[in-house]
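Look at the two complexes coming up: chain A is in both, with chain B in one and chain C in the other.
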Partner chain A sequence: MWNIRKRLWDRLVIDPESEEARKFYDNEVQMTAQVLRSNPKSYGAWKHRAWVQTKWPNPDWTRELSLCGKMLEADERNFHCWDYRRFTCQQSNASKESELKFTRDKIAANFSNFSSWHYRSSLLQPMDDKQFEEELSLVTNAMFTDPADQSAWLYLRWLLQSRQNRMTGVYVDKANGKILLRVAKPMKADQLGPVMMNEKQVDITWNDNASPNIVLEGTFPPIDEELCTLSVAGECIQFKEGQSFVLRYRTDFSAVVQKTLQNIEELLELEPDNKWCHLSIIDLYLLYQLPECRVDLREKLNRLLQFDPMRKEYYNHLGNLMRLSEAIASSVSTSLSLRGLSLSSLGAPLTHMVFLEKLDLSNNNLTSVEPLLSCMPRLQCLVLDHNQLRSIRALRALPSLCELSVCHNEIDSADEIQAMQEWPQLTAFNFEGNPEKSSDSVAQ
Partner chain B sequence: MEAPISLEREKHVKYFLRCLDVLPSSCSHLDSIRMTILYFSLHGLDTLNSIERLSAERRDEIIDWIYAMQLVPAAENRFVGFRGSPALEQDPHIAHTYTALCILLILGDDLSRVRRSAITASLATLQLPDGSFTATNEGSESDIRFVFCAAAIAYMLDDWSGVDVPLMNVYIRRCLSYEGAFANTPMSEAHGGSTYCAVASLQLSGSLNKQLDADELSALARWCLQRQYTGFAGRPNKPWDTCYSFWIAGTLHILGMTPLVAHDENRQYLLEAQDPVIGGFSKYPNHFPDPLHSCMATVGLALSGFASLQPVCATLNIGEKANDKLDELRRIWRQKDGV
Partner chain C sequence: MALHKDVIISKDAPKEFLLEKHVQFLTAYAAKGDEDYEFVITEYLRMNGIYWCLTALDLVGGLDHADKKGIVEFIKQCQYPTGGISCSQRCDPHLLHSLSAIQVLTLFDALGEIDVDGVASFVAGLQQEDGSFAGDEWGEIDTRFSFCAIACLSLINRLDVVNIDAAVDFIVRCMNFDGGFGRCPGSESHSGQIYCCLGTLAILGKLHLVDADALGWWLCERQLPSGGLNGRPEKLPDVCYSWWVLASLKIIGRLHWIDKDKLVRYILACQDDETGGIADRPGDMADPFHTLFGVAGLSLMGLLPNEIKAINPIFCMPENVMQRIRLQPKLLEIV
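Up next is the complex of A and B:
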């Protein structure tokens, strides 16, 4: 329908500067305003109004902003209107500062103003330390004003995550010239920029430049000297003597983040049943290396299970991540045992250990190991005995796997077992105790 | 405690059958999107395991009508697909093409009259440089909804040659908001419907675990789970609405997180939103039913394991039987093409 109007405009408006054209412009503007009054969420009306502005040499951006203002007063969550406002500001070259002020005012008027927090987050990328501190204090204010409102807590979580390391797992084999990088967000290798080892630039040939990935693999001319530092994408990574790998998933606990933890703990004293406080403290622990014994996490988790039983399965999942974190913190090496931890799901920091070669996940409650499949390029030996796996076909995605044990699971497909036995890559494969017949371990 | 509410099956079956014939004048603005209304009605009917209430003649009549909506434009470099209705010289539209294919599968058609390769190749004419899709060549807004339609069409017709998948994935990632879920366009607020469209698209192109790592998947699941009160809401601090029992619960289904949903409460909310007089479901209890919410609520009940309803394939939003039919067709096509 709107396209018919566009076609008519293109046919009838020959001279955009003419009086006649002005009449058309005013008419379209009035017409879309009428439609939006009765249907403020009409995709077509917003799009048409935007299109009309682009057809007119001198749009009245002040009026457009004022329209947005009125409509947002009626419904602050109208994302069509927020989008149109962003379009207006872009077209009229409105300053970032004025937009930041606008969002700050909106938030001050109503902390629940989700869309304002959201817009703010997009204006502030990337953030320097000073801005980070200011945002933390804005959010803290909101938390204390209305601790039951989700918006501030979600924003807090995003803020904290935005300071995470970009390189979360690193492996460098200097003698053979191999490098593996696990990155927090998918990246293309050519976005990394120059790579320096011991402050000298290294020429790296990356395996795949075409698509963004969370694991980047490359080769370089071998180096003799001991590797002390690796610099890439603005981060400097220290290697311990003789070590070829580093896990950097959890970020150092800075003074600013420490203050945030203190604030949340204060709030918790005033509002002992606030679920967001409990969740945020657990989040902080999982993202940052908190000092030992600062928080009793198990107690926090139990309280969550008590007052938010609808999401108990999710909190159990969080419990998994906490146990994972604890087990890994005590020993970061290329060989890891996670036996008997009642794990029903996997996640960070395990999925950032790109350097893992041996992994024992036996005696858990796993039904899938999906999270591992795209981030364990060096995994050679995987033990999954005594779990609840029904299918193992997906494990063939692990490029270095040669020893696999899946005894006492729930694999009922003889075809899958056979296919795995026939996979040339495997030198050892145990599968006894599964519902499928034939239960001897096989060494090829 | 109140007595549990039961499902008014027969009333809903009758409601959907009526939608096929006539809608009240208050719905006249829906005339140009008849294809969509047809989809809601037939998918709802199918989920109630009642598609056989249509006679064979009626079924053929509908199938013929759908094929009559298929259009191969005379000009070159135009999208080949299905229109929403015979009204007003419409262009083929990406959403109506998606729903047309769904309906044909639900009615057991073998898609032999579908111009498969013409449609899939011409998807390229709708993809924009930023990776998103518009709905028609003439132009429309472009956002994640049409990305989903493109992915679904490419998947169903088993041909991705008209879709630049890496570019599409770049756009999808740009729609990931700070809240951990997906918005309709980059920099917008995360929303239940957009989240479904993004996650389903990623799953359909096999990109889900490559584009989102375990942490992001965890944050996404968390955002979805926090939307449940009894039923689901589409965004934080918004009222719950029956259609999100599909958009959000469907997303969780695709993520393999269905066990984390509180199903009893969800079912209870949906049943409360039934209209016990004329059938159908509304967005909240004691409101007017409409085809969209009637369909989504029915599917929402099926996703929550309500007995006697047909299981749903969440990535395409069609029933299991229709999905099986699709799998069979894809097998046949691959054999013929020697793949």
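Up next is the complex of A and C:
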């Protein structure tokens, strides 16, 4: 139906400046407004109204913004309306400041604020230190006003994450001209901009420019001098003497974040059963590596398991990440042992260690090492003895793997074992203590 | 006070899976004709409706009740010279309906009955420079349409006609601060959009780009005390999210992060024990859309494996069909 109206417009409106065209425009605007009054979530009506504005030389954007304002008053979570508002602002070059003010007013007035907080998160990128402090203050206020409002806590998590390094793991082989960057959010190599080593621009040939990725690999003409600094995408990365790899998972723990922790702990005293307080403190630790003596994380995790049993598997995973974090600590070695940590899953910060060459994960409870597969391009030696792996086929995604041990797991396919034995890349492969049966053996 | 929207499940709510009743409900729905009011007013989603009914019927072993010949004929009449397929004979072609049509024909193993190259060319023509897809000639952009396009092309084995890198790039630009995805860059995360984006990335082998821990947490937070799932924070539960949230969790290997028993209880409570079929919430009217997604959710959780067929979490089609056409893209698996 909307398409018929569009076709009619295209056929009948020859001169957009004419009086007749004006009548059509007013009519479509009125008609969509009527439809939206009774059906505020109609994809067709919103789309048609937007289409009509693009066909008109001088749309009244003030009126459109006012329409959005009224409709959001009725339903602050109407994402069609938010999307239309963003469209209006884009077309009319509305200022970020006015939009930030709009979301601030909405947050102050309403409690179902997720959409407003979300909009702020996109308006405020990138954010400077002053804005960061203001936002922390705004969201802390919201947390205290209504500690059960999950959208404020979600926004807090984002705010804290937003101060993390864009490049979390870095490897540079200056003698052979190789570079590896582990990025926090997927991006294309050509979005990085110029790369500087020791303050001189380096010409990098990236392996893949076409598609976004979480590990960017490239080559460059080798350099002789000692590598001290690497600057890329607005970040400066320092190297210690003789080193060529850095894990940048932790950010400096500033006074501002320290204050946030204090605020949450204060709130916790008023609301000892508040799930969000417990969860946020654990998040703060995992993101910023808080001094452990101040915070009893295991106790917090146990409380979460108690009052939110539906999500116990997620909290178990968090427990794994906490153990991983503690074990890795400040290690920046190319060789890492994570034996006997009762790990049943993997994640950050391990998955940022793009420079790892040897990894020992034996004596854990792993059924999969999936998270490692796309971020360990230099891993040569992997030990997975005494775990619960049922399948190892996926390990062939590791491009540098040459030594593998999977003794005492639960691999029951002789075909998989054979395929791995025949993989030319592997120079050493141990697999004893697995229940593997041949595919043509008779079932007993 | 923060709003905590949820429903209460009454103790009289159904607790067993009413398979026979659902077969009856779906068969009756599929048999409706021009004399029925409901048939007439739902013309704009006729093709989708057929897909919902038939897939649900197949999951519960009732596909034989369907009029295969009549439906295939109907689909043929809905294909335009441009190659696109519409929701019914009098409507315009659109990606949403083209996907449903291809899914139904795949179910019936009857893809050869239509001009498949035409469909490929219709879909290819809708890709924009930034990698996104418009739904039709009028240009509405939405990540749902990226999924429709990529799923459709992969079912007919014609992914060669579009720019895959650009398609992936657009999806990545729709990734939000919470790890979720919206309909366009800048839009709020929503479970339906998340499913579409994850499905697209899975088909194209790009799941490693997802922040699975962050997104998995956001998704498992959709579970409310009633056991039901909502689509985004502070919204009521709805059975269709038992599909979109659950399939998303399955794709990123974190299905175990929700409480299965409680969700099963919620879905069963949404059944209509008089007419058969499943509604969005306990006590509401049943419809094929919620019936499909409720049954699909139960299937993903492995309920009654001898009565409910396994479902593919990417395509929302029976797994045995995907095996037949050898199209089962890899999922993430941490467990």
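Simple rule for what comes next: the second predicted complex is superposed on the first by the 431 of 444 C-alpha atoms of A that agree within 3 Å, B and C clash if a C-alpha of one lies under 4 Å from a C-alpha of the other, contacts with A are read in each partner's own complex, and residues count from 1 in each chain.
Convention: a residue touches a chain if its C-beta (ideal position, glycine included) is under 8 Å from a C-beta of that chain, and two chains touch if they have at least 3 such contacts.
Being a predicted model, the structure only gives us computed values, none of them experimental.
Visitor: Superpose on chain A as described above, then tell me if chain B and chain C fit or clash.
Guide: In the arrangement built by aligning on chain A, the partners chain C and chain B clash.
Visitor: In the superposed arrangement, does A:274 touch chain B (first), chain C (second), both or neither?
Guide: A:274 contacts neither chain B nor chain C.
Visitor: Applying the document's definition of touch, where does A:263 land relative to chain B and chain C: first, second, both, or neither?
Guide: In the superposition, A:263 touches no partner, neither chain B nor chain C.
Visitor: Quick check on the superposed pair: does A:88 touch chain B, chain C, both, or neither? Answer first, second, both or neither.
Guide: Neither: A:88 stays clear of chain B and chain C.
Visitor: Quick one: classify A:146 as touching chain B (first), chain C (second), both or neither.
Guide: In the superposition, A:146 touches chain C alone.
Visitor: So, does A:405 touch the first partner chain B, the second partner chain C, both, or neither?
Guide: A:405: touches no partner chain.
Visitor: Quick one: classify A:430 as touching chain B (first), chain C (second), both or neither.
Guide: Neither partner.
Visitor: Is A:380 touching the first partner chain B, the second partner chain C, both, or neither of them?
Guide: In the superposed model, A:380 contacts neither chain B nor chain C.
Visitor: Contacts for A:311 in the overlay, against chain B (first) and chain C (second): which applies, first, second, both or neither?
Guide: The answer is both, since A:311 touches chain B and chain C.
Visitor: Name the residues of chain A shared by its contacts with chain B and its contacts with chain C.
Guide: Touching chain B and chain C on chain A: residues 3, 6, 43, 47, 77, 79, 82-83, 86, 112, 114-115, 118-119, 121-122, 149-151, 154, 157-158, 186, 210-214, 310-311, 313-314, 317, 321, 346-348, 368, 370-371, 373-375.
Visitor: Where on chain A does chain B make contact in their complex?
Guide: Where chain A meets chain B, its residues are 1, 3-4, 6, 43-44, 46-47, 77, 79, 82-83, 86, 112, 114-115, 118-119, 121-122, 149-151, 154-155, 157-158, 184, 186, 210-214, 310-311, 313-314, 317, 321, 346-348, 351, 368, 370-371, 373-375.
Visitor: Can you name the residues of chain C that touch chain A in the complex?
Guide: Contact set of chain C toward chain A: 1-4, 92, 136, 138-140, 165, 168-169, 172, 175-178, 182-184, 186-190, 206, 208-209, 211-213, 216-217, 220-221, 223, 232-235, 253-254, 256-259, 262, 332-335.
Visitor: Help me check something: in the complex, which residues belonging to chain B touch chain A?
Guide: These residues of chain B touch chain A: 32, 88, 136, 138-141, 166, 169-170, 173, 177-180, 183-185, 187-189, 191, 209-211, 213-215, 217-218, 221-222, 225-226, 228, 235-238, 256, 259-260, 262, 265.
Visitor: Help me check something: in the complex, which residues belonging to chain A touch chain C?
Guide: So the residues of chain A in touch with chain C come to 2-3, 6, 43, 47, 51, 77, 79, 82-83, 86, 111-112, 114-115, 118-119, 121-122, 146, 148-151, 154, 157-158, 161-162, 185-188, 210-214, 309-311, 313-314, 317, 321, 344-348, 367-368, 370-371, 373-375.
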